[in-house]
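You will see subunit A twice below: alongside subunit B first, and alongside subunit C after that.
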Partner chain A sequence: MTAATQTPAAAPSPVLTFLKQPLVVALTLIAALLLLGEALSPGFASGQQILRLLIVAALLGIVAAGQNLVILGGREGIDLSVGGVVSLSAIIGGNLMNGADSGILPAILGCIAAGAVIGLFNGLGVTLLRIPPLVMTLGMLGVLQGLLVVIRNGIPSGRAAPGLSQFVTQPFLFGLPGIIWLWVAIGLLMAFMLGRTVFGHRIYAIGSNEQAAFMAGVPVKRTRIALFMLSGAFAAVAGMCLIGYSGSSFANVGEQYMLPSIIAVVFGGTPLSGGKGGYTGTMAGAVLLVVLQSILTTVHIDESGRQMVFGATLLILMLFYGRGRAMRA
Partner chain B sequence: MSKLIMRGVSKAYGATLALRRGDLTVEAGEVHVLIGSNGSGKSTLCKVLAGSVRPDGGEILIDNKPVTITGPHSARASGIGIFYQELSLAGHRTVAENICLPDMPGGIFVDRAALESRAQRYIALFDTVSGEGFSAEAVVENLRADQRQLVEIMKALATEAPITIFDEPTSALDRAQVDRFFDILRDLKAAGRSIIFISHRMDEIFAIGDRVTVIRDGETVGTKNIADTNPGEVIRLMVGGQDELAPGASAPPAEAADRKAPVLTVSRFFGKGFANVGFEVAKGEILGFGGLHGQGQSAVLRAIFGATPSNGGTLTLAGSTFTPSDPRAAIRRGLAYVSGDRSRDGVIQGRPILENVTPIHYLRQKLFLARPSALAERVKPALEALHTKFAGLGYSINSLSGGNQQKIVIARWLIDRPDVLLLDDPTKGIDLSAKADLFALIRQLAAEGMGIVLYSSEDAELLNNADRILVFNGGAVRRELTGAERTRYNLYQAAYEAA
Partner chain C sequence: MTAASLPSSKPGGLKRLVERHPFLPALVIAIVLLALNGLYQPRSVSFAGITGLTKTYLALMMLAIAQTYVVYAGDIDLSAGAIVSLVNVVIVVTMEKLGGSGFSVVAALGIGLFVGLACGIINGIVVAALRLQAIVATFATSIFFTGLALYVMPVAGTPAPAAFWRTYGGRFFEIPFVYFAVALLAIVLYVLARTRLATQLLAVGDDAQAAYQSGLPVTKTRVQGYALCGLFAALAAFCITGDTASGDPLVGGKMTLFSVAAVVLGGSALSGGFGTVVGSIIGALIIGLINSLVFFVGTPSEWQNLVQGLAILVALMAGILVGRRARA
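Moving on to the complex of A and B:
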């Protein structure tokens, strides 16, 4: 009987395995970048500044939660429409609130509903019409951008309710603003969902081997549609928080989230091929990107330069994780 | 002087010896039939000749000169052409382009005129039987299955190779098309060309063949002149000395005498790859599906499970009639299906063993939460029944050997017992001890009242484990073997009968 349990070939040392974990890599890089920032511009790593970075990271992290789910689901899953949903949600939310606290609840519900409906269309297009996710969500992004122009006619409108602004920017519990607690809650919820629910196991199953999942009775299409709907809903929540952060919405505020949300996921250890990874790493990835962005701002690199750095970061990451992908195939 | 001599050709895939000692001698101007049961090594011998497999040993002589075939290209250079059983056509291209694909006329740019005229020569050969819509300009994708097979034949003919291999070239053709094809083969023979012909239709073999070489268990066991032999003798050569049931083979179990009520009934079932299939499985019975590869056995099982569409038929499971829709519905009804292609249909790669063993349990129990400790308790008996070895449920399934991976995949069906277990060549590529464990478990499950359908491409497995065997041929059940009829001879005879 030789068919005993085989240890994976060439087991590396535990220390090396630990150091290679995406989460550890990301946290180390975050610390290094903070030190670098402090050296370049004293005060960069002050408590107040770090808190501000965390708020911005929470916004990105919430968008990346949905992105993460869609990518985990495999079959080239990706949601390029998140930026459009963030912008749309900021407008819808701003108009429903119009500066009054009484409008917060309708705004939240309205935004999440709108995001989920957009996700539903994405999901239906991908599953029933078999449009590749890249094409489907890119098309959706185009539609949303057009819609934004039509709705607003180019004029900014809508204001955040004071309650929402306070929630996002002012200390709420233990000196931390509410949005950070919201993010932590989302993190716990994601970890629970992915690790301890049947739905979570289905996500990994369809991401890893869709055919095997189908043969084992997993409702593949329904699950995938749900992932896109969750992605839309998360982006909508982020859009709401964003208007709370900036006070009012302006043209295409969400655009800046598309690429970073994907980078955060990949940085966090979820390969673009899906089927493995999780959200904890993505959270670290989001913080890392925000710190990086802040450093670039500190050294006076403008928006276009930052975009170039981000794009290059994604490509370099693909180079790193590309090997892992090849091993899976 | 023989045109082609292959002597002592051997080939091992890992630990499996696919070909022990393959000998084949083909004369110029003959149609030489190659025959052997599933896994006998005849395909491997052909692949060696076609250059798609490098042999481990042996020699090949063409026109008495030793040749080394290193790949498909060098096979062509040595004068060997092949018809592929699996369609190898470019679907979006025209008939003419496909026919000339192995050797496009022109240099960097294709010479359209030469291409058309060359293709036309072969198209003209089948003019009377190729049917409507068949022309040089027709796009292959839009053709019927038989017309596509004709294109394959034309493509093989167009190589004008002195030695041409036809591996089951007639499976989709009608009578008139086969007759025309055989006329063409006779013309080629008269022109001194050598044809190696593989078919599972005894009548065709005897209609077109000059000589027949039989391969059994990776060894050439004999070559006969067709004129001096008969189907019975050929089948006896294929069977060899292994006719009777192997020791330890189940005598028909006691239950078979007072056959219990059927748990699964299938009648007038139609679908892609099979037609008008009907059978019953009783509680506690192991029903075997036999015959050559790809005669509809898998297709029927997958269609019952709803993994592939079917059109028409009456299916009854445990008293209630159903129409297959998808695996999810099938699982809920109490069906289970284990595929032999575990990397495609079974294993959820890179995920923990726990997640690989629980999906059916989730569905049957309508679970929402996955509590590892509770699940571990539930899956333990199923894993123990199969003697599965693993370090822990949290380890990736990829840390297991193939046999243990398949055990995990099977175990997922046993946590909540199904009424009927469909096994689709479940032992493909797993080690001997895992096979023994599996068949012991299957017998036990049957004894506990489960109905089991077992398709196996290994005839010994089937003969040793099935209470009853349905022999498939050309997408239909040709013969039912019960009790003492379950012999290799009967199995092969039915498998090679005219479809």
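Moving on to the complex of A and C:
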């Protein structure tokens, strides 16, 4: 930075620009952590182990896809209800399947519909009633947690269909489990949507300047509602995959995804203010988070030490990413 | 002010009242809820009933106050609950180590305040000085604080000495202790509201750039907001320890989001620059009254959480809509 400012042209060196890209930062950190993990416990970075990490990262990454969209849309966009949707989807999916392959399709459709409807409510509250997203989705989270208690008391938690479990955990194509292919497909779809479609451009438009976007004829409200619906739908897909991964759902399985999905987005280079960033970085951010967590479970320290190191490391890693601007007179 | 210049929209008395006291809608909701509580369970509005409610929800009120000072400046603290947990286990362990006497209680409370203050300052440095995004940064510190709490007390269950919880639940001169706490709190809040810090926090939250240009130490002010938040989180921990009479390294975790909800219910804007501490206290009370009302109307136990969640969501929406109409 200082070297670049000395030259009058003020063009930062291309190498430095490349190195400061969030995606590059995340990938470098992932590589470093994998090396560290391998040094701490040999076998950490083995193919089998990395595959397992990627499956866990895919679950988080799919939730983060929806979170990413809502955050990109700006106006303090955030979705705290994703954790509730993941839990709800896992229990709805488990019951619709109830251990039978024939139930997979209805389960997928049912879950995505449920997630989208929850997202629709969030979106309506945020746009029509102009409730701040944090408040709206926080309230929705409370409702979903209550709904889970009702459902859980009425019906058993359900079981994953063997086909689904196989898709999530067993090799599907070229030795990789289906969920990783699904994640790659979502990644490509997001890249295409954000980069090449009108809808994608609208997201960036409302995220960077809602007023200007409105003046330019972007249907701001409809777009934002769609973002929340997509967020619900992605969280629902993740919930389905989660029950495939664990076999059956247990209380509040989704809670662990609420704030980590936001951190994955931030580590991926999308600032919480919205309007810039993308999903490719978020995918790397999700892998980074999961690798970090995994290293901490391999080293032998107490739960307390693990949490302290995890929290401190998150803070240090955040220093690599978009810090706020300093105040200037 | 601008509304007055328009011919058609001369602000009515009610509107001006809400404008000046943004917590009024919350107060109305709270009174209605209190009346409903009384309707379904007359004993709940008796002296003993109100005392019990205050005793249980004083901790959430304290945490809502804590959250308010941060929200004033447009920040948020997702680690508030973790600070409560940490202070809770620290004071319980200190009291146990020092033998549970009156002196040990005082010493433990002093240490507890210090721990809360330290946590708040850490948050302030991370968010204001290092300029990390408040939501993710305080989530990270909350993991750190929870780790510390687990280090101090790995499993829940160490009891607090009787000297402590007997005082909290007891009476002085026939008046329950919690009312002394409330009276002291009112004085502290009254004084705090008249300090320069409260005004500065609101100025920073309203427009940080403008505050900076008019010479306010923006970073320092935000750190002070977080420090104040840490102190009140410690007070919340004292209340919860008095109520539960034991240490639990995870006791505060669930309170964080409720504290945010209470602040919003109280009419403060999460974007900063606008709000009142009184509103947040009423907001916390609303959450408590909703919880008890759902119980009193005889909701089947498995439906209680859902009805509570729905009621809080509706109250949040109603509060924001009414508040906005008053300010528009």
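Simple rule for what comes next: the second predicted complex is superposed on the first by the 287 of 329 C-alpha atoms of A that agree within 3 Å, B and C clash if a C-alpha of one lies under 4 Å from a C-alpha of the other, contacts with A are read in each partner's own complex, and residues count from 1 in each chain.
Keep this in mind: contacts are C-beta pairs under 8 Å (C-beta built on N, C-alpha and C of every residue); 3 or more make two chains touch, one makes a residue touch a chain.
Just so it is clear, the model here is predicted, and its values are computed rather than measured.
Contacts of A:214 after superposition: subunit B is touched, whereas subunit C is not reached. Touched residues of subunit A, counted separately for subunit B and subunit C, are more numerous for C. Contact with subunit C, but none with subunit B, is seen for A:272 once the two complexes are overlaid on the shared chain. Look at A:130: by the touch rule set out above, it reaches subunit C but stays clear of subunit B. Judged by the touch definition given at the top, the superposed model places A:312 against subunit C, while subunit B stays out of reach. Residues 328 of subunit A lie at the contact with subunit B in one complex and at the contact with subunit C in the other. Residues 76, 78, 126, 130-133, 135-137, 139-151, 154, 208-209, 212-213, 218-219, 257, 260-261, 264, 270-271, 302-310, 312-313, 316-317, 320-321, 324 of subunit C are the ones touching subunit A in the complex. Residues 1-8, 195-202, 204-205, 208-209, 211-219, 275-276, 328 of subunit A are the ones touching subunit B in the complex.
Across the interface of their complex, subunit A is touched by residues 305, 307, 326-328, 330-332, 337, 339, 344-351, 355, 358-360, 362-363, 367-372, 389-391, 395-396, 398-401, 403-404, 412, 431, 433-434 of subunit B.
The residues of subunit A lying in touch with subunit C in their complex are 76, 78, 80, 125, 129-132, 134-136, 138-147, 149-150, 152-154, 259, 262-263, 266, 271-272, 302-312, 314-315, 318-319, 322-329.
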